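Shared between the two complexes below is chain A, which has chain B as its partner in the first and chain C in the second.
Moving on to the complex of A and B:
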């Protein structure tokens, strides 16, 4: 039985994210004005930086892939009822693994067919190590009941320090240059994909494929359905014979894996070696992207593009010194709060509609 | 029974420490004393935040926005202190007021609008990180003189009449009269010469423990977190108690953030670095009691103080690996102790008045 949505319902579903983004942007502008900065100049820098030229647009679009992947890291876990704040740490682990493959695998005699084999290995290594990092939080949840939010936040800090250690002065992968960094990657994704001269790479295609996989897995496959049931009501799932624990573990592994892929795509596209703090907050951006997209694959794709613009524009404002790029975090938070709070408005709308219907039925 | 167990553990700890003070060689004694002093210094802000969060959790609200509230309190304490010419007391009031506002937003969203507490908590953290870092870049160039809170010995020395008895004058300032005790004098002095807020904090926590378990108000807070419906029937305003608890936790997390800044005497982006989450973990580890949370905070504080201990002993370990320890310990504590504690029955469940 398929629930039929009235036009009013559909309208609300589509309008909510649009209104949320609009209001969040206005709040952001108010904040800029309150801090005594010129909103006009800030907006100018913002759009010039994000969309000012074809190359700029390409650079902006190069952020879509990592954002999509971190959004999936949040969305997959949430579909199974787990709030995974650990995409940041999973990003690091995926990035480190892929980076190490890109540095050391070409020297191991693996045939470098245009780097394709190495890149494929890097992707697999990134997915698995990010996945295992996510699995730790999953295991702590199902075996001990430890709150996933807290454990994933702790794992984020641990991952960040682990990365700093590995490429630090005493670390095993330090390049000896005097700066804490690894050696340069020997293989990476080819830049200038679709738009010449931009940072865009084929990873954006991988991002789209991941969205397709997400759709097929959750809406066409039995395992995905089971996972959604667990997320919706784990007690009911248990009674229906669905294995709650193994689903939670798988969800955290997949979520972590996609978080890892975000690290792979950022590191091997936009950067040339492993540096400390290479994530620039992608893990947390993904939360806003997923929630704004209402966990829907198409929605996630669109909001990833929107947030890529926000992130690019925010960085441009930061570089010009108008305002800190962290303003984007504030705008993101507004978006999340507005989207989540809108559920209340929708509930009220439905409740009032029901009351109205009941009243007319009585009147007849 | 439960309280007796805590008392016995406390007594054993005190005896062991006294034993060390009496019989250990001097250099080991001083290392251990400074470890304990560091532990107390680090643990107190955590414990205060956790004590506030105990009230919040007991009333049925999981406040994962604590990190953000702490961070906001930290920034505005820093700004407030600068505005009031370095006065820490007024500065920290500004910080607490700012985190109260964030807590009000959180309370409105999760209590009145019944939004998902976990997701809103996370959003509050992102909001606070964005706001504080943005504002910080604007005010960064302000002229900041942060003095921090006075040491207990400075305060005792100023008491008319008693000052000379309670403290001695040394060449670096007043010392506690404890120094005069043979054998363990300097050992005790290192441990007890804390800033005044450590003492005030411990008193606050003991008081909060009393209020929660021995007063009408405390009973209401606990009841609302277990059976909100029954409370409502009895004429207790569930929303009011929950709002009060969330706002109170906001005040105390802000206080904790402020203490952090006044301790290190500077603000940096994301200065709290997960301490808000560690405080939430301390609530669980401390079995949802303020004094338990203090004990848990001492464990987490110890995990951080270990770095100083290792340096003092002269061991060489990469600092990045050392920095991981508090986070690893937090995870272990969470995994080891959840399930052995009673979580308030209505935790994370929004209440709908019919």
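Moving on to the complex of A and C:
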């Protein structure tokens, strides 16, 4: 008694996001043309920059891990019915903790054999700090009923300013160089993973493992089932004897932890010290990635790749100086709007199909 | 004489559902016309079309012999059609008169509440209704609110009044009052469409009866020319048994015992509840909705804490225990609102089947769910309880109401419970599914289970229960043994009187 998806069902699920992205790119081109720029040149820069050579592809793929992690930060919380807009702040906390480990742990007599132990510690520290940051919002929710959307957004600001303070001129981790920054990391992930000379690191493997964990946790494990019940229907969960509050707390800790891992993977892969505003919007891009991927692990992985392309192609257009990077943000906004719209297309498809079925059943 | 209303060949197509399929309804002026049918037969759809909430896919409506288009409820009111919904459309925070003038045609920029209030009170007096126009709706009883709704419709000039299951929320005495008002309206030449599925009420008050079944109208009959069996058959489409076969009443040891239980809360709080339910019996809990039945269920199932008193299940003190510890005592629960409490409509049938037991062997092993057993279990329950579903992977929310209830029932009864809490277990179900649910509950009783049956349908309680307890404002007014069943007395107790 397996449920059979018709070919049409599968097609519509796969096609709508692709069409949405295609239309967004076309709108982007129109926008570029309206600004009087050469569309061909701009698009050439875009694809050349993102996918023009193996190294470029590697550089692009290096953005997949942080995008996957922030997407999971959003997706995990949403599975438990909580709208976590706080991946950006969790990203900062995770990055700060991991950065501090990478700067100071080697001096504490922790062996630096290939950096592995320190990196492992950095990952753990990043997960826990991001998790605790998420947990604040969870705690405010279960204790006072505070809206998670609002508290996580607030916590984003706090995290960003906390970072600015810590590495600022009066901050404890200021390196005294005259610029607001920390000391350089003594250990970081080795670049050139899989593709020599690129920015890719082993974090992309961690990202894939995280997606596998996400799938197994929510669809094969007791705790994940429990969390989904809470997310779909918390009243029924209470009836079934499931503790709603502790599930919400755990979900926010896990979500925050993955947000933290995003910070770890970005900071210790692509950057060499803690700087102000080191996130470049990963926390918010993650929301779009999760939604475009329809919260499905495979979908999240694919849309993380897509957003990585958009991000690095956009960066390349911006670096060439022909197109403002804001145009790229606008294209990304088109993608998000159209992806949301594509959900309605799918609903309409289902609705019409049901009507058709009803009519055939009546022999009309 | 021209009929006041003719609805001809009305068709209403919803996505996936043909709610009205060539329905014909003719209502004579100055009559009380019953519209009957099971849930989902299309009564509400038809009346919502009449009241301008839906537009029909095809068909025509004649009012006083002229074809009309009804574009909105406001438009319906202007043409002289009024409706009292099952769930009142009153704003609790506003006064009676503010509710009455709300949306009334001809309001000025500054409301003339005083004039309206005087006129409204005078209208009430005509029907022997005392009404304080400045009282807040939230301070009125359910029966009073209903009278306000009826008067409101008449005040706005309704010639044709639709009453959608008006008796569902009333005590037997209030029903009598309502019928008096309906008869007086009829004498004044108003026309009433009375929606109900209660046979005795229809015979008590109606002149003509139209039955809808599966979206189609059956030929109308006069009340004088038909009988209960015939109507039931028209509604279900086959002969049905209005009675249930039960084994001999042979109660065993006590399963549930409540001693002086109080809870905190505003209006529905429990007030000194003492109750015992034994093995092999069905205790029916009657009462008008909202008199503490929900609070009682929540207290027993551990969802709310009692402020004093003790609750024992099978002799164990379960006062203050968690919902899961109580479920672990082999307590099963068929909640009143299955969408909210009994199931997760966005999860599959299979996943809903493990809602209570997922954490236990053999449903899970260690940290992981046991997918193979979960599938076998779901397949077995679906077959045994005749849940109609394309597959166990289907989303539970896509099943029909009756099949959703069978899903919940199957899950709960397959746990072989010692104690079953069944709250309004047939609410919203058609006669066929109702019969099935009742058979299952009786089978559990005969097997030696203790059953608490909470229902506002007196007929259901009278048929199934071995003893009846009546609740009023958080108190148990009394418990009657089978031989003492007396509908008048139960009615008095439902209204808070016990002599």
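Assume the second predicted complex is superposed on the first by the 355 of 364 C-alpha atoms of A that agree within 3 Å, B and C clash if a C-alpha of one lies under 4 Å from a C-alpha of the other, contacts with A are read in each partner's own complex, and residues count from 1 in each chain.
In this section, a residue touches a chain if its C-beta (ideal position, glycine included) is under 8 Å from a C-beta of that chain, and two chains touch if they have at least 3 such contacts.
Note that the structure is predicted; figures quoted are calculated from it, not measured.
Of the two partner chains placed by the overlay, neither chain B nor chain C lies in contact with A:10. Once the two complexes are laid over each other on the shared chain, residue contacts for A:31 go to chain B alone; chain C is not touched.
Of the two partner chains placed around the shared chain by superposition, chain B is the only one that A:157 touches, whereas chain C remains out of contact.
Look at A:284: by the touch rule set out above, it reaches chain B but stays clear of chain C. Of the two partner chains, chain C is the only one touched by A:226; chain B is not.
More residues of chain A are touched by B (comparison of chain B with chain C). Of all residues in chain B, only 64, 67, 109, 113-116, 118-124, 126-127, 129-131, 133-138, 269, 273-274, 277-278, 280-281, 284, 318, 320-321, 323-324, 327-328, 330-331, 334-336, 338-339 touch chain A in the complex they form. On the side of chain C, the complex with chain A involves touching residues 13, 15-18, 301, 303, 322-327, 333, 335, 340-348, 351, 354-356, 358-359, 364, 367-369, 371, 379, 390-394. The residues of chain A lying in touch with chain B in their complex are 31, 35-37, 83, 85, 140, 143-147, 149-151, 153-158, 161-162, 164-165, 168, 170-171, 284, 287-288, 291, 323-324, 326-334, 336-337, 340-341, 343-344.
Those residues of chain A lying in contact with chain C across their complex are 1-3, 220-223, 225-226, 228-229, 232-233, 235-236, 238-242, 351-352, 354-355, 357-358, 362.
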